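Below, subunit A partners subunit B and then partners subunit C, in two separate complexes.
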Partner chain A sequence: MADNVTASADASSATSSGPAAGATRQGRPAAGQSAGGRRAAHSDLRKRLEIAFFVAPALGLFVLFVVWPVITAVQMSMFRWNGIGPLENFVGLDNYARVLNSDVFIGSLVNNLIIVASSIAIQLPLGLAIALLLNRRMWGQGLLRTIIFMPYVLAEVVAGVIWFQLLQPQYGVIDTLLEAIGLTPPPQGWLGDMDLALWTIIVILTWKYIGLAVILFLAGLQGVPDELYEAAQLDGASWWQVQRKITIPLLGPTIRTWAFLSMIGSLQLFDMVWIMTRGGPANATSTMAIFLVNEGTNRANFGIAGAASVVLFFIALVFAVLYQQLIMKRDTKGGA
Partner chain B sequence: MTRKMRGASAVALGATVALLAGACAGQGTADQDTDDTTTEAAEGGDVTIEWWHNSDTGEGKEYYDQVAADFEAANPGVTINVQAQDHEDMLTRLQAAFQAGDGIPDVYMSRGGGELLREVEGGLVRDLTDDAADTIGTLDAFVGQYTVEDRVYALPFSMGLVGFWYNTDLFAEAGIDEVSENPTIEEFNGYVEALKAADIDPVSVGAGDGWPAAHYWYYNVVRECPFDTVEAAVETGDYSDGCFITAGENLEDLLETEPFNPGFLATGAQAGPTSASGLLATERVGMELAGHWEPGVVGGLREDGEVPDWLGWFAYPTFPGQAGDPADQMGGGDAWSVSADAPDASVDFAEYLLTEEVQTGFAELDMGLPTYPGTGENLSNEGLRQLIEVRDGGGQAQLYLDTRLGQSVGGAMNDAIALMFAGQAGPQDIVDAIEDAAAQEQ
Partner chain C sequence: MTTQTQSPETAPQQTERRRRGSSGKFQGGSPAVYAAAFVVVVATLGPVVYGALGGFRSNFQLADSPAGLPSPWIFDNYIGVLQNPDFWTFNLNSIAVAVITTAIVVVFGVMAAYPLARYQFKGREALFMVFVAGLLFPATVAVIPLFILITQNLGLGNTWWGVALPQAAFALPITVVILRPFLMALPKELEEAAQLDGTSRIGFFWRILLPLSGPGMVTVGVLAFVGSWNAYLLPLLLLRGDMRTLPLGVADFSTEYSVDTAGVFAFTTLAMIPALVFFLAMQKRIVNGLQGAVKG
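Let's turn to the complex of A and B:
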């Protein structure tokens, strides 16, 4: 920890010395330079202490609650451990082999990837359409925005319980309504049918999270200068052309940030699925986080859970880094 | 889909993931010696006993408070700190206490099997064989599930059975005039057909929670395998005896008759009116396979909160040519364990909880099926008295196999059985799952 503090203090003093060096180059007298150097050294030390003082508590918490658990998880993943007593039974990478050879884990990973892809594929066009619609001046605009955003504010657990009840086979509201209009709901129910359960959950996730996409896109739309629209209109562009050539390109950074959040959230998905299906039926809706909790909390296979968490960490890390490098790079560059 | 995150960085993600793992795991290096204060207090004369139980509502809670007060009055210097808590909460807290090696109560509920084995191996639970020899002698018929290598680690205070709880009204409506207390599988299939013909969903099962579905396979094992065969298999991890396959085949046959409620793969066990117990309680299905807790659960799920008059009970069906003793049953119970570092007075208290007097009151309130010989007659509920007859009828009781095998193997087994319910696994897959998980534990 102490190393980190020094490192960051060094880093910041390096940046802060930049302008001073520039000033010297602009031709200060030698005497003044040495005096300034001494003052600079003094204030450098002071700055370092200040930084150390202010950063230490946050860094301490970060190490305690982030770095240390990560290290513990990695350590745990090398042992077979049932939760009681010391870590003794060292098994090397065996837990990793078991995780990666587990059909359930691979199935969970595939489910996560399906959710990542479908969330973006469904919510992007839908969110964009709703945002463009709600961006027009119309009656009840505020009310509509609130309605769209409402599910996002709802706790995931609460939403899960509500949908679980609505989707009850036979006696649930949705099945009753479907029957009333002459349709036949699936006999095993929406969440009990292995082919339908995952897609049912994706629909509910869309309902839950479309609000975030819409609100972000709406915020992004406010940043598109009116002059551009006016200029386009003067040039005789149609509404569609304006959206395609101006609005959507200028929304690019917002969309890319949203997609990143969506992706990370999809990889971590747990609560909603746990409430509605516990990963069932027959693991059809299991996610990596569900696999991890099942193995760890429910079966006391803490080594396997540790290995799964490290694998999940690396998958998310690879996604995040690739996304930052390949897709978000131009945004961050433009911003700097 | 997205979830709200404060920083969209990979580091934050890693933190969350690792925190989750860390939270699951607790810490491996915590030392196990604890509760110095209680031990010291014991030496000084004044003793506090920490007692955890799960009768956290109504008359049961009042009764246990009274029991604790009586013991305090009879033993000056002893204070009992009673903590009545919800069952699931209690299990979570116990698990956390065992992992941390800290804050373990002096007297607590044990369910036996693999969980107890884990506590014994961790040196966390007290050997009661000599200290409570008299009480153990009285409860002899029930201590088997709490014995590890001939040493007894818990005193069973309730021992129940799993069987079919059924709605006598709906059975009558379906024209089933005679319901056998020990039906054969043909008779059972007859009930299912009759109920279906009367447009009643025959059986509810909470396969969404795993274990209620798994009970079917366990019971098939009890029916098809001699008791000693199961014991040997648990001991060695070798489940190659053909009876385990037959148990799976019997389950497949049952599934083919489609006896279960629509959506059973996603149905929960006992929470709310749409759970398996809820469907029975609200008179939407004919029957459910469940343990001795069912009258209480069903009553709790009805508007008036009362155990309905129509609730009847019959044993799990027997199979032609089965190798298991037809009198054998599957069930489980609860027992009082004393933690390794508890003051000696805790053993006295645990023994007091198993006196005829305390067990009689326990029975009168239908808090469970008492184990002290003869006290079962005091049960208020007729269905439960019927269970006592079957339980004490000479057969042996196999503990729920998932509890018996412990969380790790039990979880893998339940998963494989749930897959069979979904048509995704065959009889051999279940056996393979158990053997594989058991091999990992060796």
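Let's turn to the complex of A and C:
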């Protein structure tokens, strides 16, 4: 709002005589431009060529391998096609209707949404707690940070294979330990149980990704000025009060950005699920990415896979835009 | 945007020192704090350590007492993996794909970030937004058309380049987003001094900007390398047989020899080591890169 007001003041000052501050600000670029002349035009062309030279390789690669495949996905989604021969059998929006009416796809979408919500609901408080813990001066602090961040660097495949072995029914170490303390693990195993499989995967995702949250929150904590802590201490605030009233509110922008990354990642989840369950049992852990890879490569339903890709992209886009508009807007405004 | 103006090399150290220097009341660990830290460490390391120890046990030991320690220690599993030529082939493929990906990302990325950071021109922000929008296109969305493009149109199926080129393309957005503020933060006086000395903008790029942006390029390079090293979906669709990368090898080994739990633990543990060594060596870069991405 304030920006608009000053902008219009500047604009009016350029034509008529406006406020003094506006006039001087407007004056500088105008003077710079008139000094140029023909040499400016020549160097302008040169500048354009330089820009093209620097940007072209990246832009070319980006267009060929990112933009073009995305456009192809949209095109593919309008045809019934098994990957062989030309695209001939145009079916319009039929593939979209089939995707959106498919119980498997809707189930996968719901799973993605559960993963999005639960990842944030679990990792945010846990990550904050660990970050606050690691932010105290203590013995072995650097080592602790390294350890907590380590699973993030491992491949999802590697993490998935190890956890799969730990979770083996009966012979796995987790079931053995549970039985030793008198609990009964699910008879089909954690990953074989329709109701538990998705939550088991969510726990493993937490193990794998909590380190990212902690590292980012710690970076945010370092940005909190010490004067605030000192002032709070002088006022007799307790440790807990300081965290709640000063630290966590000041971490706001970091938390919002992290949540955004987490959300986009959860919507694309593939590797971990593919390794641990292939989306089973009976699609209980399927995600949108699992659905489209199954349709595309295993069943050669490229039209359906294309439609699912477009739907996945569209959902990610809606999430991103809504999130930017509703939640992150104040950050970017404040930063500008 | 504005917070990342310091060079990433010095910034964390300064803040670190300042934070450490602050007065003591809220610092220091009570026994409860150490206990909590201990729980976190056990939960984080437990599965990995169990896997590594499992590789030193026999399948009988694992079945007989899943929660036990190796007794006696058995080295056959690890020796078996190290003598398996496939394991080395997978490593070689992973290294080749990651190196090609990283080289392309760093070179193309810093070139693209330079005009976006230091030239004034119309459409600059629009061009930058094209790359930012790329963050929204995960490889997952385009993976089926990519599969067709690479195998049928480009004939690069089952090759290193066929995986590296699209991986580089999908890593470019985050690279440009991280590098641009980094290049913007280099002082304007450098450029003016270079111009006074008669250096062109391209000369400035080669002789001054590239050497100075070393830390930034290492950061984005490390992120691209780790991303490529861990990638699964694209290699899964594009690579087979002798061209498979390590994650594919781990996944296939664990399904082919699912009965040989100890062997799977040994294979997976050895497959983890390059990533862990690289992580420990480059930890600061990785952390800075991720933190920079969030701040930038």
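By our rule, the second predicted complex is superposed on the first by the 301 of 336 C-alpha atoms of A that agree within 3 Å, B and C clash if a C-alpha of one lies under 4 Å from a C-alpha of the other, contacts with A are read in each partner's own complex, and residues count from 1 in each chain.
What we mean here is this: contacts are C-beta pairs under 8 Å (C-beta built on N, C-alpha and C of every residue); 3 or more make two chains touch, one makes a residue touch a chain.
In this text the structure is predicted, and so the values were computed from the model without any measurement.
S.K.: Looking at the overlay, does A:205 come into contact with subunit B only (first), subunit C only (second), both, or neither?
M.R.: A:205 sits against subunit B, while subunit C stays out of touch.
S.K.: Which partner does A:305 reach: the first (subunit B), the second (subunit C), both, or neither?
M.R.: In the superposition, A:305 touches subunit B and subunit C alike.
S.K.: In the overlaid three-chain picture, which partner chain does A:192 touch, first (subunit B) or second (subunit C), both, or neither?
M.R.: In the superposed model, A:192 contacts subunit B only, not subunit C.
S.K.: I'd like to know which partner A:280 touches here: subunit B for first, subunit C for second, both or neither.
M.R.: Only subunit B; A:280 stays clear of subunit C.
S.K.: Scan A:51 for contacts with subunit B and subunit C and give back first, second, both or neither.
M.R.: second
S.K.: When the two structures are overlaid on chain A, which partner does A:155 contact: first (subunit B), second (subunit C), both, or neither?
M.R.: second
S.K.: After the superposition on A, what does A:254 contact: first (subunit B), second (subunit C), both or neither?
M.R.: After superposition on chain A, A:254 lies in contact with subunit C alone.
S.K.: Just checking: does A:163 make contact with subunit B only, subunit C only, both, or neither of them? Give me first, second, both or neither.
M.R.: Touch partner of A:163: subunit C, not subunit B.
S.K.: Would you sort A:317 into first (subunit B), second (subunit C), both or neither based on which partner it touches?
M.R.: Both partners.
S.K.: Across the two complexes, what residues of subunit A are contacted by subunit B and by subunit C?
M.R.: Common interface on subunit A, subunit B vs subunit C: 65-66, 68-70, 72-73, 76, 83, 156, 165, 168, 171-172, 212, 257-258, 261, 264, 268, 289, 292-293, 296-297, 302, 305-306, 309, 312-313, 316-317, 320.
S.K.: Show me the residue ranges of subunit B that touch subunit A in the complex, using the header's touch definition.
M.R.: Against subunit A, the touching part of subunit B is residues 1-5, 8-11, 13-29, 32, 95, 98-99, 118-119, 121-122, 124, 207-209, 262-267, 274, 284, 406-408, 410-412, 415, 418-419, 421-422, 424, 440.
S.K.: Within their complex, state which residues of subunit A touch subunit C.
M.R.: 47-48, 50-51, 53-55, 57-59, 61-62, 64-66, 68-70, 72-73, 76, 83, 130, 133-140, 144, 146-151, 153-159, 161-166, 168, 171-173, 175-177, 180, 207, 211-212, 215-216, 219, 222-223, 226, 229-230, 233, 239, 242, 254, 257-258, 261, 264, 268, 270-271, 274-275, 289, 292-293, 296-297, 302, 305-306, 309, 312-313, 316-317, 320, 335-336
S.K.: Which residues, counting only subunit C, touch subunit A once they are in their complex?
M.R.: Residues of subunit C touching subunit A: 1-3, 12, 15-16, 18-20, 22-23, 25-29, 33-34, 36-37, 40-41, 43-45, 47-48, 50-51, 54, 62-63, 66-67, 104, 107-109, 111-112, 114-116, 119, 121, 127, 130-131, 134-138, 140-149, 165-166, 168-170, 172-173, 176, 201-202, 205, 226, 229-230, 232-233, 236-237, 246-248, 250-251, 254, 261, 264-265, 268, 271-272, 275-276, 279-280, 283, 286-287, 290-291, 294-295.
S.K.: Please give the residue numbers of subunit A that touch subunit B in the complex, ascending.
M.R.: Residue positions touching the partner: 65-66, 68-70, 72-73, 75-76, 79-87, 98, 104, 115, 119, 123, 156, 165, 168-172, 187-189, 191-194, 197, 202, 205-206, 208-209, 212-213, 257-258, 260-262, 264-269, 277-278, 280-283, 289, 292-294, 296-302, 305-306, 309-310, 312-313, 316-317, 320-321, 324.
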